[in-house]
Amino acid sequence: MMVYLLCIILFCCGLYCVLRKRNIIKIIIGVIILEYAVNLFFILTGYRMEGRAPIFSSEAEILNMVDPLPQALVLTAIVIGLATTALLVAIAIRIYEKYGTFDITEIRELKG
Amino acid sequence: MIELYVLLIFMIIGAIIAVEIKDLLSSVVAVGAVGLGLSIVFLILKAPDVAITQLVVEILALIILIRATLKVDLPFSTSGRWFFNTLITVGFIVIFLLAAVKCLKDLPEFGYPIMRVASTYLKEGALKTGATNLVASVILDYRAYDTLGEATILFTAVIGVLAVVRKIGRKKEYEEVEEADE
Amino acid sequence: MSREHEKGMSLIVKTITRLTVGLILLYGIYIVSHGHVSPGGGFAGGVIIGLSFVHLMLAYGKDVALGKLSKQASSFFENLGAMLFLGIALLGFIGGYFFLNFISKGEPFRLFSAGIIPLCNVAISLKVGAGLFGIFVALVLLKLKSERKR
Amino acid sequence: MNIASNIIPLFVVIPLAGAFLISFFGRSIKRLPDAMGVSVTLILCGLSLLSVRLHNIYGVLTYSVGAWRPPIGIGMVLDGLTSFMLVTVNLVAFCITVYSVNYMEKFTAKWKFYTLFLLMVGGMNGVIITGDMFNFFVFLEIASVASYALVAFGTERHELEAAFKYAIMGTIGSLFILLGIAFLYGYTSTLNMADMGVVLSQKGIDGLIIMVSIMFLMGFGLKAALVPFHAWLPDAHPSAPAPISAMLSGVLIKSLGIYALCRIFYNVIGINPTISSILLFLGTLSMVVGGLLAIGQWDFKRLLAYSSISQIGYIILGIGLGTPLGILGGLFHLFNHSIFKSLLFLNSGAVEYATGTRDLRKMGGLAQKMPLTGTTGFIGSMSIAGIPPLNGFWSKLLIIIAAVQAERYIYASWAVLVSILTLAMYTKVMKYAFLGSLSEGLSRIKEIPIFMKLSMATLAFMCIVMGVLLIPGISDFFLQRASEVILEGTEYAASVLRAIR
């Protein structure tokens, strides 16, 4: 239970950074930390005490293996995180090129 | 499992540093440290595939981030409205943490997953799909449809970046835009 | 940044990259081809292949890397990988289901053993590697153009 | 698993194949992107109508990808709600593609637009047909990433900033959904929605499920632009190109937001009074706040965006009631809203295409110069305001009657008040934009090209005709089936598992 809680604390650090910071790159860093925390939580739910990696080896017969399903899901989630981060960075660079600053208070010409 | 706790605390400290530090480049490096810690935690949790992918993807994400922050001034203006915003965010996070503490007890004990679906992967994975790396068999045979969606997301991101990055977005009154700016 | 950036980093970095780029590419291809036997797979291997070109570009500057893999070539390979992967999926329709593993499974631990899994790995690695290199090139060209404009 | 269920994967394969082909040949052949875009969406539209017929013949159809039985592999499900949403999404997507053949002439790199557009349609179809939780998240992410890039398609200052704000809030929403799925996987250790429903009904509802419901409510509320999370919608719409803002508020927030809320809260977790009262409260809140904010706007698209938020509030109020009439009214309003709201957005795009401005104060008397845009705008505004013969009236009437029957008098009175507000809002739009005297600068504007006229005419025709869907003879083929799926709640799992065997 304690491990899950540490992972949720990491999630809250990322959430705090995204909601609180005003610099665009800091917000992107917050999103990256959020993704790390969610991927970590997935693998934590799949761990098995004294389990082994889910790969058969030709010599020894491995009995208790770790749950392979969350690992497959996290592989997908990592690359989703990369895709979103790449798009966010591309937009951030274009905003920097147009506005000359990363601070969203100066960028915030839009109401709403 | 003491090393797991040590690494998790290291990652949380790294995340706090990445959030609070003023200079952008050092906060990007701090995020790199968190990602490295995460990759080692994946190794401890017996997930080698995920550790390799996490390490490599994180390197690329860092390179892209550093390219974006290379020579950037950090105009840090503090205005009053932000106190109200801090109050809401901190309050929301405290409620979220308290609810998490109460609810995480219902999850099965750490280290004893109920492997309802995964036990069939372990039993017949090697026979049915022929791959000895069960994670690869889950990704590309049992749940290959996910990986198709996955490849499409990366494809969307590439086309999205190409679309966002192009120099001239709207044509100005019928002037021809030459191919390079498309 | 100064003009010097076009020609890439210092001499030491260039000589080291000349040695390591081939190894990184080879390691990426190994990870992809042995994806169904050892850890790693289409994604990790593809990103490593993409990183070897990014490594080349960082060390030698824009034009050498683009000489090796131009923008059009990278988008061609990316589209090819995507259509290959969708083609493999559609071939499964012959056997009645969408993603059916219809090729013979062979016996485990061999290289050509797991039906469509190695083929899918190759298709994904093509796509991921070329796609990420395309993203990196797009971001780098954008940055250089903005410097020259200012 | 009969031959008819082979139609289900086509809804995802065809748009993805189209997108890959466009990006492969896009640069070389000039007219290919338009032709490919229109033909793919036409095929999808036909397939979705066919899927309604197949569902009426065979009942619930399932498809297991890669020949693995669903709890092991990924299953796809075609039931009443799925075919209803497929028809809504693909019908509107086809009209918008026809519209954007001309509208996108003003933008560069047209093939990138069509690739991203087909990927967004493929992502939405993937979300609607899938029966697996993680697959649901993956296709939700495809549709979202494609829409982030499309909102920033014009690469002007405001568009980039609005796209960044939308991308950040969308990513936070998706990560809350992913964390919710991780909690559910830890708790039930299965990913198939039907199997998860069975396990949840055995294990009962305790603290974790309440927290997961709150997280899903936040995640999908953000995707559906419910009030506390609506901040991105009013910025994303004015800056997105007109076909994209029509797609965004016409279809995207419905299939990613409202369909997801219905599927998860009714069919997987099972509705309980606390969740439904929260939904009702949020629905009424967004209805009122959206309406109040919309009245004061002078930017045509921003007004439409705020009125989208208030109409989404109507739908959530209808579906949150849980009574048969309420759900029928909510779904019917969802269908109507996606038609007349996309018509109004296409209308604002036509006005911008001709006059170049979105500010209502600078327009005036456009109906004389642009007769078709004027009449379709008139029909769209009257049907959203709820004037009897048109379709908007019937669905709002159903929702209000259902609210009164369910003894929710406060919510019913708010619904009536906001519909009057909407009427006032759209008369303001009509007066300033279309009627009145032609202002001097706009004397030389000419009518819009043929494809834009065609698509707006079809949408306007549908606005008039769709009232017929409520007649008992026709409704039980289409609307009734969809509302039965929601009404039966957790029996969804039993019907899907029966269909698999």
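All chains are identified by letter, namely A, B, C and D, in their written order; residue positions are counted from 1 within each chain.
Going forward, a residue touches a chain if its C-beta (ideal position, glycine included) is under 8 Å from a C-beta of that chain, and two chains touch if they have at least 3 such contacts.
From a predicted model like this one, the values you see are computed outputs, not experimental measurements.
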item	value
Comparison of B-C and A-D (more C-beta pairs in contact)	B-C
Identity of the chain that, by mean CA position, is farthest from subunit D	C
Where subunit B and subunit D are represented by their mean Cα positions, the distance between them in whole Å	28
Where subunit B and subunit C are represented by their mean Cα positions, the distance between them in whole Å	20
Length of the line joining the C-alpha centres of subunit A and subunit B, rounded to whole Å	2
Subunit B: positions in contact with at least two other chains	48-49, 53, 57, 60, 64, 67-68, 100, 104-105, 107, 113, 115, 117-118, 121, 126, 132-133, 135, 139, 141, 143-150, 152-157, 160-162, 164-165, 167
Contacts with two or more other chains, residues of subunit C listed in rising order	38-39, 41, 43, 82, 86, 89, 98-99, 101, 108-109, 128, 132, 135, 138-139, 142-143
Residue list for subunit D, restricted to those that touch at least two other chains	16, 20, 23, 65-66, 134, 138, 141, 145, 148-149, 152, 155, 160, 163, 186, 191
Interfacial residue positions of subunit D with respect to subunit B in the complex	16, 19-20, 23, 27, 65-66, 68, 71-74, 105-109, 112-113, 115-116, 119, 122-123, 126, 134-135, 138-139, 141-142, 145-146, 148-150, 152-156, 159-160, 163, 183, 186-192, 195, 199, 206-208, 210-211, 214
Complex contacts: residues of subunit D adjacent to subunit C	9, 13, 16-17, 20-21, 23-24, 63-67
Contacting residues of subunit B [partner subunit A, same complex]	1, 4-5, 8-9, 11-12, 15-16, 18-19, 24, 27-28, 31, 34-35, 38, 41-42, 45-50, 53-54, 57, 60-61, 64-65, 67-69, 72-77, 79, 82, 85-86, 88-90, 92-93, 96-97, 100-101, 104-105, 107, 109-113, 115, 117-118, 121-122, 125-126, 132-135, 138-139, 143, 146-147, 149-150, 153-154, 156-157, 160-161, 164-165
In the complex, subunit B residues that touch subunit C	48-49, 51-53, 56-57, 59-60, 63-64, 67-68, 70-71, 126, 128-133, 135-137, 139-141, 144-145, 147-148, 150-152, 154-155, 157-158, 161-162, 165, 167
Contacting residues of subunit A [partner subunit B, same complex]	1-10, 12-17, 19-23, 25-26, 28-30, 32-33, 36, 39-40, 43-49, 51-57, 65-69, 71-76, 78-87, 89-94, 96, 101-103, 105-106
